[in-house]
Amino acid sequence: MDDLLAVTGLTVGFATESGLARVLDQVDFRIGRGEIVGLVGESGCGKTTLARAILGVLPANSARISAGSIEFDGRDLLQEDPDALATDIRGRAITFVPQDPFSSFNPVFTIGRQIEELMKWKSPDAEPGSGPRRYARARRSSDLERVLELLRIVQLPDPEALLRKYPHEVSGGQRQRLMIAMALLPEPKLIIADEPTTALDVTIQAQILKLLRRLAAERGVSVLFTTHDLGTAYEICDRMTVMYAGQDVESAPSDSFFTEPRHIYTVRLLQSLPSRDHGIRGIPGQVPDLTAPPPGCRFHPRCDAASALCRQTRPDPSDVGAGHVARCWHPAQGEGTP
Amino acid sequence: MTGAAPRGRAGTLQPGLEMRALVLTVNRLVWFVPTLLGLLVITFTISHIIPADPIAFIAGDNATAEQIAALKAKFGVDKPVPVQLWNYILGVAQGDFGISLYTQRPIAEDLIARLPATLELAFVAVILSGVIGIPLGVLAAVRRNSWLDHALRVFTVSGLAIAAFWFAILLQLLFAMKLGWTPLQGRVDGWGPDPVTGFYIVDSVLAGDLETLADVIGHMVLPAVTLSFPAMATIMRFTRAGVLDAINSNYVDYQLAMGVPRRVVVWRYVLRNALIGTVTQVGLVFGNLIANAVVVEAVFDWPGLGLYAVNSILQSDYNGIMGFTLIMGTVFIIVNLLVDISHGLIDPRETG
Amino acid sequence: GGKFVFANSSAYDTLDPHAIFDVGRVASRINLYDGLMRWFDNPPHLEPWLAEKVEVSDDGLTYTFTLRDATFHDGSPVEASDVVYSIDRILEMKKGAFSLFAGTVEPGSTKAPDAKTVVFTLNKPSAIFLATVPEIHVLNEELVRANEVDGDLGTAWLSKNDAGSGSFRLTRYDPAVGWQAERFDDHFFGWDMVEDPLDVIEFRTVVEINSRVLGLMNGDFHGTDGYLPQDQVKRLAASENVNVDEQESMRIFYSIIHNGRSPMTDVNFRKALAYAFDYDGFIDNILSGSVARDPVPLPNNMWGAPADVKGYTYDLDKAAEHLAMVKEPLREITLGALAGYGQTEQAAALLQNGLNKIGVETKIVTEPWPVASGKMRDEEQMYDLLFLWKSTYYADPNNWLGEMYACEQIGARNNSWYCNEEVDRLLSEARVSTDQAVRQANYEQANRLLAEDAAGIFVYNTKWFGPFSTRVKGVRFCPIGNGQEMRWVSID
Amino acid sequence: MLETTRFLLRKLASDRTAALGALIITLLVVVAIAAPVLSTHPGDVTEFHPPERLLPPSGDHFFGTDRMGADVYSRLLFGARITIAIAVIAIGASVLVGIPVGLVAGYYRNWVSDALMRISDIFLAVPQIVLAIAIAQTLGPSIENVILALSATYWPFWARLVYAETRSALNDTYVEASIALGASPWRVMILHVLPNISSSVIVRTTIGMGGTILTAAVLGFLGLGPPAPSPEWGRTIAESREFLPEAWWYATAPGLAIFLVVMGFNLLGDGLRDILDPRTRRSGDG
Amino acid sequence: MTADALLSLENLSKHFPVLNVWKRRSGWLKALDEVSLSVHKGEILGIVGESGCGKSTLGKTVMGIHRPTSGRIIFEGNDITHLKPHQSRGMRRDLQYTYQDPGASLDPRWKIGRSLDEPLVIHTRLNRGARRERVREILDAVGLPDGHLDLYPHEISGGQQRRVGLARILTLHPTMVVLDEPTSGLDVSVQATILNLFLDLQKRFDLTYVFISHDLGVVRMVCDRVAVMYLGKVVELGSSDEIFDRPRHPYTQSLLAAVPQIGKGRVTETFWLEGEPPDPGNLPSGCRFRTRCTQARDDCALAVPPLVEHSPGHADACLYSPARRGYSPA
């Protein structure tokens, strides 16, 4: 299969005061070229951790990657030299849109200055390798052209003036547009967008999602889109991967995901959405403590279908439909689909 | 944080940076005068509860009652206290801090003659602490929990705990008395360079007199090191905390995730943010520096305001001490004013 | 030739010779100015100086001085009118040496019949007048008057400039550093008797003892004051660059006792105090034997000091005995000491130590000299006891006894509130008598009575340990100038 | 309350630097209390032995003897009492004045609170030690006056701190919630605001202790502290200068004592800040 | 309609001063501008709108946390507009407010038990035992174990904190509760449980809710009536079904159109609204939505359109409301 990104068996822990938190447990995850993949799951299930692992920016002092591989465009990122990753993968081949556009700009520099710094290192024109000693004038002005053009493309009014502003002088929606522009500027192959609309109002969210989807399609960029809002995921993703407490539980194309969820957790999650049809249903119980996670399938303590098997071993991915993979011993059979 | 509603909003009412700096300056200047007035009232009050009678002292051992009365009239001490206060304020407004009971010269003259010595020392100490303290603070933050961080932590903790006068004595004991590497005390051997600015380093450079320059610097070393030690510790501490705060922030996270080299992020971007916090501390640092200057100058016989104050103490020269307090207060207020203004300039979010 | 640098412990805040009178800053007066007479050597003897000769009338009231040919530093001649101006200025300023002349010389009573003759007319006979004449430093009247501002008698100008005729002429002054002067070649006394007189003298303020000592040892300074703590003197003596010149001086250390306040009004209490001080511990241990025990208020080496007074010893039994005889109620006694003068504090602590043991409660109050000197003149505020020195301003027993214990000096120089009719009679007689034998007998007797009465706790007479660079020759020590008269000195 | 204390103790024990600070301070207190027992020459505070002056450290005199022949070590122990007394009383007075002033000024927004804050601003406009010197000099040297000078110049720090913290606490939802619930101003101030700002006050007070000890030592050094023969540390150092470099122990011992104690308070303060104040925890050491 | 109103607001406004750098007021931020609505006994009134539109301000002004700039608040027939919190103790018991972040409304240094006790201490003369009884009862009602009484707020989860926040206000048995974004920040699975709890308690204690939220899906599920706010104004008010099924105001329409709905058409393909809300301190004249409205005409800028009830129980504030067109003769 021609995947742009293939994460296999990734296991990551964090050293904390109360022991090792097993935040990712043998996670499998892939993204095809030009595909928008949603990574969904409740707060704390490890979405950001997975995203950061791909970017290679897990906190060095506390994160422990104990197994797995991250293959991107034919390179195993976990084996690469970190410096090389920083220069030609991060910000070049893979770019990033953060969750919170309010705090992701440095408050004491103008927006223009921050974009310029990014372009200095990550402009598509920049020669790959050790990075610039000097920011040549010619490149600087061609980069500026490029920036202004893209700012217009993301529908930011008066881009020249905008570059002279400080981040706090710009609204949240505009900041997120800037972030998207900055993610596109290096002409990457993959954009990792970590809950890019959570902090925004619905009307703004709709605008941003629209923009992101259009640009990704136009430019053939793959997007890893994390969110805990299933509605948002439905809007933008071609394919979904659901995570629960550090484990990937199900991965499917959007259509079959919403119509025929197979993993019990996915089913319950979808049922939790307020709906006129079935009222309000939650999932009883609580997410496990990741420093002492339950063995086997981590959802088993809250799962009404759980068996002894579930409590012992975590199922391997099994195909349950076209491109539809679930890791469940007792997959749902069309039961409870919304 | 997830799902929380967005906070913050575009501030279209924000004036430009220059405007902000101006507004800040004016705002602070408006408070300058009342603060100074309050300070005057405090010093006046203090000097009016003194046990000894300064007039009797000025009058000398053999003054008669009439002479004392005449002197009281001359100095205006026979008037009601509010009138005296008013006259005192008027006097200070005109640069008249009274007469030194000890030297019999106008206090203002004495203080101005000594101000450059103190300022030169303070400047050198501040620069020294900044130039060394800031990079070390950044290093400590970047290499958090490394042996370097721990060593620097010991350093900062010591810097803040050590009594400056004792440290000064220790340095003297070691470098001047035992090893003989530096002069024991004083600002220069003999008379120093011809006064132009009053700063000996500048003056000896202006005069092209390298020998004197070397001598001046030699004399400067121990006092400057003593003074800058606690200041350096404070600066380091705040820089470290500031850098750590900044490093843990989302914008650094973002830049690193976008592959901007760590060293660039830290030294060009984080530092600026960290310095905002450090700059606000300069006022505090300067205050401590001045405080320490009093005793450090006494130990090193540095002919500045601190030594003047100590001599005034020994001579019970109340006018001298009050003059010193006032001028220190003024210098301190001005420094804080500058700090506020520069803070406003560095941090675009600051709105006064 | 050469330059001599002296490290002085006190700051030269003013150079006006009539404004100051202390020993610490004597150098500016004695080197930049001249008086009609001058003290020399040790024991001190008085010699005519600017004056060629002096004649005293039989009634002891009229002193006629004849001036030599001398010039001020600006080249103008020293004339009798300058002397008249100078004494009248002293009397008007009421500072410095004023008290020596107060009541004896009236303002305007001094006349200059011609340019070379000055006539002083005293309003009562004084045996000490001549001894105080050296303090009349002669100013260049014209120059001073030209620099007067608002009738300040030129004090502002004189605080930074010189208007004298002395052996050296001021070239530089900075209150924070000190002053520098060059040799005045036209000085009336000439320079023949000195083989290679100094070109330049510099007196620098160096407050820190250690700095003075180190500077001297490494050759930066050529001399410093002779009253260093003994520990430092030892260090200096050990240095090969420094010679320490030892001389018995005339500066006594004692404790004033406030005789006018209970329970010190009781002689037994005063005796208890005197027996409770550890003289040997203080002199032998703390001061390493660098001073001489002096049981009376007069320096041992001054005439008028009786040889037969033994003085008190550290004897707590006797102290307790006398204490038992005290009728007045006891209370906490305040021991005064001078800030910045560690010795006074140590003495007070030692006395406290002794008094503790006989059950007298004490507290030590250390205050700066201006505060202390203010309190000393106030019967209410004066400490119960106060340790301090009494230096030589003029070499006559009256400098000590007459000022410290005469009844008429109470509240001024007599800070003990001590008034004993017999003692007062002896002192008054001695002050006016011109008969040396009478004077000597009177002073000896007065000393005996004062010691017997335990009017104060008399501890020691200072020795002077003048540390000078080995390159320095010709230092002439005199208790009045403290060895700081530089005209005799040379350096190689 | 008991539980909070236990929690604190447990946290303290786990934070190495804070534990070290606490240890030093405990030691100081023990030393001060038990000075008569621990000292080898307890009488030497007021009793002297001139023949034994300036002896170097030995088995009999751990830190040598001073200019009066008294045991430096014993006097050091008794000096700790003075240090503690000055620090505790001066800080106590400042806290007692500063907290109510800051609390009231912070809670009510009217001209009185403005005036109070202006006054404390004026005090803060001069380096504290400069003002303390002026006051101490004016009043004359004694322990009481040192304490007075320190308290008079220190209270604005607490007033300012409490004021700022109160203002920010008033913006906190739980305070607003209590007010909305109908709680009286006093209830809010005493039961909600004060306990919640207490951690910053405690931290500030702990570090302030160190600062006060340093300032008091400076006053002592300048001769504005308690008079001889008080074993106050600052004045001991001043006394000793005359005898350098020979009698190095004389200056070294009290200087080290000041250093240790101030460091103890600073370490404890830093530690408490980390423990009590989750906001700064992030920037502390993990 | 106002007859059975438990609470009614008449032209209620809350304006915050906008300060310039000189700390002088340079204008007003109309966080709440002439809002009139009423809440009926036993109903759940939803208030929706984008961030900063004045939802919380509405709640807090009703509660007396903010002093209203103008207008009247009538609760159970009494005018409580100008009562300060302590003057209206009795009133406070009946009218309660939960904070947007209920965890933050608990004193971090107080154990849960004490926080729950506080309202009783302030408002009742019950003795310790009786209070304890009451607290237990209510804790049980919100589904928390007794053991939680001895925990500190930071020791329990966000969902539990919300329960405690709710318990705290229920101890006084109020008749009406303003719930300010009670589920924001919660995962859907937890949100569902909490919502169920609200509905439960409402039945049990016979409560009336004002339910502030920006989650339209939730509002639709739980609310009987809905008020849509835009920049300090209520732009549409009506029953849930009316609002969600037949929205009239262009803003309401765009708001609904922006919400992704699983299984329906993709918003990213259909959404039309552009731009962002203007600065609330510097509002456009006339209709506040006109700057973003695709149907805006010139007269929209002339006057602020009033909220008009074009059909029973459904009011909107659009000059070109489809309802108005239906009724107008032109």
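Think of it as A, B, C, D and E in the order they're written, each chain with its own count starting at 1.
Here is the rule we go by: a residue touches a chain if its C-beta (ideal position, glycine included) is under 8 Å from a C-beta of that chain, and two chains touch if they have at least 3 such contacts.
On a predicted model such as this, the values are computed, not experimentally measured, just so you know.
Under the touch definition stated at the top, chain A and chain D share these contacting partners: B, E. Per-pair tallies of C-beta contacts place B-D first. Distance between Cα centroids is largest for the pairing of chain A with C. Chain D and chain E have centres, each the mean of its CA atoms, that are 50 Å apart. Separating the centre of chain B from that of chain D, both taken as means of CA atoms, is a distance of 22 Å.
Taking the mean of the C-alpha atoms as each chain's centre, chain A and chain E sit 33 Å apart. Chain C has residues 208, 210, 339-340, 367-368, 371 in contact with two or more other chains. Residue numbers of chain A whose C-beta contacts span two or more other chains: 43, 171, 174, 201, 228-229.
Among the residues of chain B, those touching two or more other chains are numbered 1-7, 9-10, 12, 51, 144-145, 172, 177, 299, 313-314, 316.
Against chain D, the residues of chain C that register as touching in their complex are 208-210, 229, 231-232, 235, 278, 281-282, 284-286, 337, 339-340, 342, 345-346, 348-350, 352-353, 356, 363-368, 371. Within the complex formed with chain D, the chain E residues making contact are 63-65, 85-86, 88-89, 92, 97, 99, 101, 104-109, 118-119, 122-123. Only residues 1-12, 14, 144-145, 249-262, 264, 268-269, 272-273, 276, 346-349 of chain B touch chain A when the two sit together in their complex.
Residues 11, 13-14, 19, 94-95, 98-99, 102, 155-156, 159, 172, 174-177, 180, 202, 206-208, 210-211, 214-215, 218, 220, 339-340, 367-371, 373-375, 377, 412-413 of chain C are the ones that touch chain B when the two sit in their complex.
Across the complex, chain A meets chain B through its residues 43, 52, 55, 57, 61, 85-87, 89-92, 95-96, 98, 100, 102-109, 117-118, 121-122, 131, 166, 168-172, 174, 182, 195, 198-201, 228-229.
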